[in-house]
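Chain naming follows the written order as A, B, C and D, and within any one chain the residues start at number 1.
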Amino acid sequence: MPRKPIELPRIELLSILDENAELDKALEPKIDPAGLKEMYRFMLLGRRADERMLLLQRQGRMGTFPQASGHEAISMGSVYTITKDDWHVPAYRELAGMLYRGWTLEQMFLYWNGFEEGARVPDGVNDLPVCVPIASQLLHATGIGMAMRIKNEKKVVMTYFGDGAASEGDTHEALNFASVFQAPVVFICLNNQYAISVPLSKQMRCETIAQRAIGYGIPGIRVDGNDVLAVYAAAKEAVERARNGGGPTLIECLTYRITPHTTADDPKRYRSDEECQLWMKRDPLLRFAKYLEKKGVLSEKERNEMEAELDATIKSAVQNAEQMAKSEELANPLNMFDYLYNDIPQSLQEQKDELAQHLAKKKSKSKVHVNPQKQPANVLPRA
Amino acid sequence: MVEMNMAKAINLALHEAMERDDRVVVMGEDVGPDEGVFRVTEGLWSKFGEKRVIDTPLAESGIVGTAIGMALYGMRPVCEIQFSGFDYYSFHQLECHASRFRNRTRGRLSVPMVMRAPYGGGIRAIEHHSESREAIYAHTPGLKVVIPSGPRNARALLHSAIQDADPVIYYEPKAVYRLFREDVPEKMETLPIGQAQVVRKGKDITLVSYGASLRPTLEAAEILEEDDGVKAEVIDLLTISPLDGATIVDSVRKTGRAVVVHEGPRTCGLAAEIIARINEKVLLYLEAPVKRVTGYDVPIPYFSKEQAYLPDADKVLSACRETLSF
Amino acid sequence: MVEMNMAKAINLALHEAMERDDRVVVMGEDVGPDEGVFRVTEGLWSKFGEKRVIDTPLAESGIVGTAIGMALYGMRPVCEIQFSGFDYYSFHQLECHASRFRNRTRGRLSVPMVMRAPYGGGIRAIEHHSESREAIYAHTPGLKVVIPSGPRNARALLHSAIQDADPVIYYEPKAVYRLFREDVPEKMETLPIGQAQVVRKGKDITLVSYGASLRPTLEAAEILEEDDGVKAEVIDLLTISPLDGATIVDSVRKTGRAVVVHEGPRTCGLAAEIIARINEKVLLYLEAPVKRVTGYDVPIPYFSKEQAYLPDADKVLSACRETLSF
Amino acid sequence: MPRKPIELPRIELLSILDENAELDKALEPKIDPAGLKEMYRFMLLGRRADERMLLLQRQGRMGTFPQASGHEAISMGSVYTITKDDWHVPAYRELAGMLYRGWTLEQMFLYWNGFEEGARVPDGVNDLPVCVPIASQLLHATGIGMAMRIKNEKKVVMTYFGDGAASEGDTHEALNFASVFQAPVVFICLNNQYAISVPLSKQMRCETIAQRAIGYGIPGIRVDGNDVLAVYAAAKEAVERARNGGGPTLIECLTYRITPHTTADDPKRYRSDEECQLWMKRDPLLRFAKYLEKKGVLSEKERNEMEAELDATIKSAVQNAEQMAKSEELANPLNMFDYLYNDIPQSLQEQKDELAQHLAKKKSKSKVHVNPQKQPANVLPRA
């Protein structure tokens, strides 16, 4: 036998609503008006909440956080294809999707302001909280999918990771486990072309992340990540396949991080403003809004009303969150001991008592010595 | 009562646990048809099938990470890392997630999983197959660390670990797997995690140990009685995290002398923590420094010399005599 | 002498090391054009180019594993893990290889590399960005672990670490990066790894600390003198492995009292080891139990409550007073 | 734009000398007779040494070890394409290649008999020793390759891993780093279809391991791993590319583990004997011997003389190794402290003294208490 090429599966690119809001009718997914409106509503809520958090952060009322603006189409287009019984395993730019799943704005504000309570999954919501250690959540999603298979349930898991996360060993192990066990997991890669300052070209040398699917024998596709219809169509197909025992899918959503990595990051150091401006024009909300307008689903007037209403919701949520932060339950440092184990071990109880005494003594003392509560701003980490 | 060795007793516990609770799944490398490289998963795959006895790909982080996912979903995964010397590959999943989900979600989610791994030296294995680094897990808040010393407590503790609401590292002293047999009751039993056992009563000196090191420790205690007429009290920790300080402290209050024995490296090992607890609670009762008979601060040597690295009765004996004649 | 903060001093050491030795390469996530998330690699990429200042893909095991390969090949890699809370991802590479190659090959090969990572809390960062688990490395034979406490010793110790023939974990107390400025000599200097410093002379009690915890410890020592007329001797470990037991022991022999301060979890932490060493060498000089002011055995809480978790002058002060009035 | 497939590179299968020793003349690599003889010689040396170690192990004169028989074509076909200045980073079935590189038989015997001295890289040999933690060595190989690039050297690294190792995160990270930095590394995957008891079908679901190369934007090829000419041809091409700045290559060598995983393993538990018999017939040495005979490079008589000579070498090496094992330098347990650091720290010196005292006391004592040196055979690990 001479050199003989092997047959390889197809990896496709998909775009339905392009940056000029030109629609590919043949591929347009069927979503009823109410559904379309709901998707837009949560994309907008995510956007406005993200922008509000930025202001709060600048005012010192919010910690460092990774901005989600620009990723709404990926989050909503995909999460909208699963049901409440399915699972949602986000990374940390899925603000819109988390709000849609039932997380409260208050929790989002509390989370990024240093309160574990913001990570408490709401009752009845089948989500995992924001995950900070890159790529590690993909194995949890896969394990959940494996458990669904073991229990013969027709559920699916929707999970997320970034282009940088694609380099972690855990991502490889998660994709391979999901493939081997045909776990019903849809892997959504937010390819926003940067991992903090590291551009895609330094992260990998393959043309697409989608083609990695070939190495796992699973379907892979790259979609326009600013096109909510394309994300929805690809996700829907993957969810149906997974639900019917067809196993996992890798969906690469190409977008661009139009914001800094986090509020502590300064993109001027590593990329040009033009590049960013170019992508600003491709904003997923603008494009979707035009589509909805043309379709007669949501007029500009209705859109503005929606925005005003959401802004009001956000405003009061901020007030609530700041109230909650002051409550005894959330503010008491002693609660750091209360949730680690189902029952607190003796030695840990002793440490809790030790801190309790210390705090009591401190209260009753005039001269207090503590670490400087505030550090100079420039010690804040930029990741 | 049935007489069996530790490997068999752990295997029995797995059979029992899988029968009584179908949320329990066993997963790892070669745990299926091969029945584990030490045969600890014998009979499970043929009885419970490949859905609940899962041969995984060769990836430790994958094993632990997916086990975490299963546990979050309500299963009771018991995952095996083939040798403890390879569980570093999955340490980030344990430190970042298994140990934190309950705390992170204020009790809303939890990770009731068990990670089993054979640990320790003494079986003439190749490099990386004889490690004893349980202290790393004891230093990780949110985990529990259980280390049995014999067939009966191994079976009981594994049941407790599987039933525990939180993640448990279950380290199996591989040198003990088939070292001796012991009566194990017909009826399933558990043992409270976090409780040490006084396995030998004494008044003159306290010997604290666990896992594979317990036997040389007991050997030394017997020789002490025969040759020196010294009555040593021997404590088998069984759980190293959370540590049962009370049992240790009560004994030392009585004896005023102590030797701690384990095979892991000395610096920042369990013996250090035990000495710190003794110092905090019963310093004034001490009549001599607490001695450490432990692995040295070097990697355990290749097997031609591993016996010189491991604690043995002679080392414990010398330590006791020095402590007694201090 | 030039006054600068610790971040700048570390950056200076990197510049100097790269200038004097072209085997030195800096690698990690965002260390290039971005100059590090804490700006510690400022100016390196533009001066030395992308061949020696390497932005790596996002993979910690990849960073440490390839650094090991470079070191085996004769380079002097200085790799950065962006936050110590993520270095667990690469722990297997350090435990299985960086720490073992010299021993494994009987001295034929060695791994002269440095792994830098910002560690510890106090800067209001999100989860996993405030960990302090240096004890894990101190428990790993074959590694050295260095933790500076100020600009001058940070720069000197980094030079020593880079010049060391063996792998060094260099943990940077991120809360100290820009906390204060200090005079740093024009001339490049080094400090011996494995040697602690008595940074404050005293006769009444010994305070042992390192890294970010040193400042609250010193603060407490000053208050002790002002308010209680007690002269505390303060030891800055600088290296936690190999541990300089002699300096600690000599001081305690003199003072008879000691408090150990660090932010890592208590169980099996450095304080435990230090207490064990004191117990072994100078037990009979102790007039009170050695107290531990450390992080608690829970994950450091999210930042709204992290200050309550961290050691502060008040906690050290109370511990000292209890020890003194024991 | 509708769904549009992206272009993918070719992944080929290569075989030159098939199992019936039928040669594909067009693809036959040019290797001079001396070279062919040398390759066969080391393949045979590896095979005979492996077989001898098995006997010794059965006699209790050797520890548990992973047998290399059947993997000789992969090891020699690839290692023969690099020079002494290039680097060789083996896993643990590269016995033939390590002997070719300059490791002594004595060292191999000592290594698997529990002596670190067996892992001491011989002076002037650019190898790393046997690596036990699966896949971890691939990152060292990649780091070495990156260093070669930094130093502008035209050297290459040849490294090895198994089909099971392909599942480890480190393998993904190594392939991606090598690709991003265009490190001159040739990744040889010994696909012997089993990871201890786990068959390929449970390890991954992609048709070939070679196609994973597509996910890294590097060339990949699958060759017949029992065909030393095919392995050589593929490796030579990859080495030349790497040497000229073309970056890494992934070469999957398809073979079968005709032996147990290690001397402690029992394959009957998880696979059929027929399967194994089938592959026995494809033995790389038989096939290569026929080729050499046809070519008039090595007659049967010469082959037998060679074998007799190698057996004699092996026999005396065994004796030497067993002598060395008894030498003070190798037998003294105190040497466990001598090579950890360049200079031994004070506290470690104290531990060495502690053990020295203990050993001295023990020598001078009649009644000795030690752990049972020998465990019942069945506690030996089977991995």
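Following the convention adopted for this analysis, a residue touches a chain if its C-beta (ideal position, glycine included) is under 8 Å from a C-beta of that chain, and two chains touch if they have at least 3 such contacts.
In this text, all values refer to a predicted model and were calculated from it rather than measured experimentally.
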| item | value |
| --- | --- |
| A-C or A-B, whichever has more C-beta pairs in contact | A-C |
| Taking each chain's C-alpha mean as its centre, the one farthest from chain A | D |
| Centroid spacing, where centroids are CA-atom means, of chain A and chain C in whole angstrom | 34 |
| Between chain D and chain C, distance of the C-alpha-averaged centres to the nearest whole Å | 39 |
| Distance between chain centroids, defined by C-alpha means - chain B, chain C (Å) | 30 |
| For chain B, residues that touch 2 or more chains besides their own | 57, 59, 61-62, 85-86, 89, 92, 96, 103-104, 127-128, 141-142, 243, 267, 296-299 |
| Residues of chain D touching at least two other chains | 116, 132-133, 167-170, 173, 176, 180, 202-204, 340, 347-348 |
| Contacting residues of chain B [partner chain D, same complex] | 29-30, 32-35, 37-39, 55, 57-59, 61-62, 82-83, 85-86, 89, 118, 122-129, 174-175, 177-179, 216, 219-220, 223, 266-267, 296-299, 301-310, 312-315, 317-318 |
| Chain C partner contacts - residues on chain A that touch it in the complex | 63-65, 112-116, 132-134, 164-165, 167-169, 195-198, 202-204, 264-265, 269-270, 325, 330-331, 333, 335-337, 340, 347-348, 351-352, 355, 358-359, 361-362, 368-373, 375-376, 378-383 |
| Interface residues, chain C side, partner chain D - complex | 25, 51-52, 54, 56-57, 59, 61-62, 64-75, 77, 92-93, 96-97, 102-110, 141-142, 144, 164-166, 194, 242-243, 245-246 |
| Contacting residues of chain B [partner chain C, same complex] | 85-86, 88-89, 91-92, 95-96, 99-100, 103-104, 127-128, 133, 135-136, 138-142, 241, 243, 264-265, 267-273, 275-276, 278-281, 283, 286, 288-292, 296-299 |
| In the complex, chain D residues that touch chain A | 1-6, 8, 10-15, 18, 24, 26-27, 167-173, 176, 179-180, 182, 202-208, 210-212, 214-218, 222 |
